[in-house]
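Across the two complexes that follow, subunit A remains constant while its partner is subunit B and subsequently subunit C.
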Partner chain A sequence: MEVRIEDLVKRFDDVIAVNKVNATFESGKLIALLGPSGCGKSTMLNMLSGIMPVTEGKIYFDDRDVTMLSPDKREVGLVFQNYALYPHMSVLENICFPLKIKRVPKAERIEKAKEYARMVHIDDYLDRLPKELSGGQQQRVAIARALVKQPKLLLLDEPLSNLDAKLRVEMREEIRRIQRESGVTTVFVTHDQEEATSISDYIMLMKLGVKQQFAKTRNLYNDPANLFVADFIGNPTINQLHGIYEKGNFRPDAYENAIPIGRYQIEDGSRVVFASRPESVIVEKKNGKTVMEVEETYVSGKDTLCVLKAGDGRLRAYVDNDSAPQEKDLVSVSFRDRGVFVFNEESGERYYE
Partner chain B sequence: MKNRTDRVKSFMQYLTLFIGAAIMFLPFFWMINSSFKTEKELLSFQSFFPKQLLIDNFRQAWEMGDFPRYFGNSVFVTVVCVALTMFVTILAAYGFSKLKFPGRDLIFTVLVSMMMIPYEMLMLTNYETIRHMHLFGKIWSLIVPFTSSIFYTYILRNFFLSVPDSLYQSARIDGASDWQYLWEIMVPMAKPSLVTIALLDAITCWNSFMWTMLMSSGNRNIRTLPFGLTAFTSEAGVHYNLWMAGATIVVIPMIVLFLFCRKSIITGVSRGGLKG
Partner chain C sequence: MNKKTKRYNGGRDPDEKFEASMIGKIALFLGPFMLGIVIFTIYPFINAFLMSFKENFSILRNTFSGWGLANYRKVLNDPIFLSGLKTTIKYVVIVVPISLIISIVIAVLLNNTRRFKAILQTAYFMPLVTSTAAISLVFRFIFANEGGLINKIITTLGQTQINFLGTNRWSEFVLYIFGIWNILPFTIILLLAGLQNIDPQYYTAAKVDGAKTLDIFTNITVPLLSPTIALVAIVNSISAFKVFDYVFQLYNKPGPGYNLYTIIYYIYEKFGGTKPQYGYAAAASIVLFFIIAVFTLLQRVLQKKTNY
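Entry: the complex of A and B
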């Protein structure tokens, strides 16, 4: 099912939690709703599920306007940030509940509930009460309960935040697999950019209720719409140097040498932020170009992450282990064309060549 | 290892509890014990325990005092009263805790403050109301005034307020209507509180005396046990052993009921579903 939101606004007394968001979630895709805490992710999800009324704007499921439709008629599954399991029901009863409401015959619903319990690896605890489960186990029950009714739209509000690192990776692959198999359109809320990039087809990045960028996951990294996106996506974070644009060159505040960056639609003398991904920084033996000192090096896998220093400026660069410089070495730095962006310093807007 | 002072302390605690329990229990024991004795035994104070367990007292009292009818009335009034009270209480508590309507909390405050009005005063107005409903002297007159309770509503509302709204949202998304949410989620969760309320209400109904006396003055066929017992004591003459047997008949059902609900009541009280 395709989900379309138009000029969606949610206002609480004094805060605007979601501000004029437009988007279309393609049918069968997994969309990650990403952003720092308090940016309106849960609010957005609650409006999609129908448990929170919309202040302004419209929500469409396929071509049907569901803006005013009550949650029990929307056929969505929702996994809450705090699970919201029914405390007086066993795990099995919890998973059965949506089917019971649908009046599925008892034997059939138990069968189905068990099937989903197996899928989320909770089938050993069917008779336990929620309070007898760990946070991660409760989360998995909540996921099974959301899936068992085979919803048309699955909404997950940070469903993995309470799991340990290993289970978290396992469960997110599991969610990915379940999502692929069932083909259910899924919106997955997270504030962890790595989680978002590893699992989703599309990412919608938000900040203070405003949509920053909504794009294919890869494009968000390779083609950020503004400085906030560039900064939020990517680990280690993108390098940022502040300075002035002048005739195809970038003059950093931190040190002397200008960096040739090509022609942008920028007035000479404007203040800009020059951002570069660590893998787009080329480190060479000392030559005529910008010279920097290697401050620290970290080996991670087949690459070494070097922290380079010139004046007050710092750059992180990935270098092949074989050609990695030593600490205190002096090296020359240049940049690839890819993974290098120029932003307006004040607004964070991106400049294009 | 416990040291000496600890042991003495715990002994003193148990002793106090034991004395308290004994004081509570003694009248009951006295009543039941006496109800098995012959009249001579009872008055002569020769032996503490009856020589043989005399069932005959119960039979005599049961037959002499029209107890079968009183018993039937009591059961009917109590069961219907409790059922209606529970239904009304659940709906009212839900409305006053989870539904949103203007003046909700104000109305509830007014209702709660009405708990201050003494029962004796309500009796007059209730009497008038019952007369106007043409229920005077009918068994429904013993039920109608007691089908709602602000106090129970207050207790249950407090419990309902403690249930997080995310459960409501979750149930709604799972496809449940408001009505289904109330009966499938809220009510089962409140079970310990509900059992406690039901039992309190059952005891109140079962023991209700003043009102029954007032209503049954025109029709002895609607007497319930407590008033029936009083009538019996005057009608049967001074036979303490029969009185005690009659009193035992009145008390036993509530004791049995309590034993059945004991576990739920203890959880209900201990988790704060019911305070005071």
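Entry: the complex of A and C
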């Protein structure tokens, strides 16, 4: 089912939690609502589920306007952050509950619950109470309970935040597998960019209630709409140097030499932020071009992360282990075309070539 | 807990063993309380227990003819005691479940209401802060024969008035209402506390699943409240088994026709009166004690079962 939101607004007294958000979630895809805390992502999810009334705007499921419908009439499945499994019911009873409410005959609902329990790999624990399960197992039960009524939209609120690091990686792959298997349009909320980029098809990045960018996951990294997006996505974070744009050159405040960056549609003398992904920084033996000093090096797997001193600023660059410079070395720095962006310093808007 | 220990220890290692002087301090603080318990609870209990086995016991001369079960034999074969037991059990069986059901409904409604909360809280709190003696006077007025509120309504409606306080059948009825009304506030407070412990997320989850108010009540609220319900049911049963004061305050005797003669009334009469029989009274007390003990055990089992 396709989900379309139009000019969605949520206001709490004087605070605007969600501000005029428009988006279309393609049917059958896994979509992440990403952003720092207080960005309105959970509010968005609650409005999609119908738990929270909408202040302004419309929500459409396919062509049906569901803005004013109560949660049960929207046919959504919701997985809560702390799972909200009914503590007095066994795993099987928990999964059966939505069907019991719909007055599905007992034999039928047990059969169906078992089917979904198998899908989420929890079928060995049907008689256990929630308190007898680990966090990951509770998560699986919560997903099965949300899926058993065959919702048109599955919503997950910070599904992995209550799990330990190792389980988190395992469960996020599980969520992706379950989503693929069931084919249900899924929206999940997270503040962890790695979590969002690793499993979702699309990401909506939000900040202070405003949509920053809604795009395919890959594009968010390769083609950020503004400085906030470029800064939020990617680990280690994108390099940022502040300075002035002049005739195809960037003059950093913190560094004496101009860096040639090519022609952008920017007035000469404008203040800009020059941002570069660590893997887009080319580090070579000192050859007279932009020279910087290597401050620190960190070996991580097959690459070495070099921290370069650009005056008062710092640049991080990934270098192959074999050709990695030593600390205190002087090196020449240049940039690839990919992964290098120029933003308006004040508004954070991106400039294009 | 840990924080407190640290503060009292003034930065010393919290695992450090208590010093001898600490034990003296502890004894000083706990002493008066322990003394009170020993004098007013433990000693009388042991004494009553022993007394119940002393045959032909005279409290003035402190003599008895020997140890034995004669008192128990007498009490358990005493038709007055047995009818008292019957009256008491009937009281428990009627008052406890009805008051519990009313309390659950009121507590759930109170928990869900935003408006009139202050007025409602005062209203249900009233019986708890008013003396039962005063309330019993009000009840006597309400149910009085001539000029009683209810009889006035009845006669206005053209019916013949009912002798609520003077007949066996109706006096029992008034006692039950009085008992239920008195037990409500305490029960409601405990249930409200229980309700506030239920994570509201369960209600949201159930609503998303399409559950209606009644579904939520039967499938979520009542099961999650069951530990509190079990506790309240047992505590109320225990206090209902000891019913005496309500009868006394309403009628100044065990009902108009000695029809509301409860176990405590039996014990009360055997201890006092013109011809006290302490042995019988002690034996009856111990019988009541064991009935209550069974309920207490029941409560422990139920609470373990409903511990999620």
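Assume the second predicted complex is superposed on the first by the 332 of 353 C-alpha atoms of A that agree within 3 Å, B and C clash if a C-alpha of one lies under 4 Å from a C-alpha of the other, contacts with A are read in each partner's own complex, and residues count from 1 in each chain.
Convention: a contact is a pair of C-beta atoms (placed from the backbone, for glycine too) under 8 Å apart; a residue touches a chain by one contact, two chains touch by 3 or more.
Note that the structure is predicted; figures quoted are calculated from it, not measured.
S.K.: Once subunit A from each complex is brought into register, does subunit C clash with subunit B or fit beside it?
M.R.: clash
S.K.: Check whether A:131 is in contact with subunit B, with subunit C, with both or with neither, and answer first, second, both or neither.
M.R.: After superposing on A, A:131 lies in contact with subunit C but is clear of subunit B.
S.K.: Is A:302 in contact with subunit B, with subunit C, with both, or with neither (first, second, both, neither)?
M.R.: A:302 contacts neither subunit B nor subunit C.
S.K.: Applying the touch criterion given at the start, work out whether A:166 contacts subunit B, subunit C, both or neither, answering first, second, both or neither.
M.R.: A:166: touches no partner chain.
S.K.: Which partner does A:71 reach: the first (subunit B), the second (subunit C), both, or neither?
M.R.: Touch partners of A:71: subunit B and subunit C.
S.K.: Is A:247 in contact with subunit B, with subunit C, with both, or with neither (first, second, both, neither)?
M.R.: After superposition on chain A, A:247 lies in contact with neither partner.
S.K.: Both subunit B and subunit C touch subunit A; at which residues?
M.R.: Shared contact residues on subunit A (touching subunit B in one complex, subunit C in the other): 49-51, 70-72, 76-78, 80, 82, 84, 86-88, 97-98, 100-102, 145, 149.
S.K.: Please name which positions on subunit B make contact with subunit A in the complex.
M.R.: Against subunit A, subunit B makes touches at 164, 166-167, 169-177, 180, 184-185, 188-189, 191.
S.K.: Taking the complex as given, what residues does subunit A use to touch subunit C?
M.R.: 49-51, 70-72, 76-78, 80, 82, 84, 86-88, 97-98, 100-102, 129, 131, 145, 149
S.K.: Under the touch definition given earlier, write down the residues of subunit A that touch subunit B in their complex.
M.R.: These residues of subunit A touch subunit B: 46, 49-51, 70-72, 74, 76-78, 80, 82, 84-89, 97-98, 100-102, 145, 149.
S.K.: Contact residues on subunit C for subunit A in the complex?
M.R.: Within the complex, subunit C contacts subunit A at residues 199, 201-202, 204-211, 215, 219-220, 223-224, 226, 306, 308.
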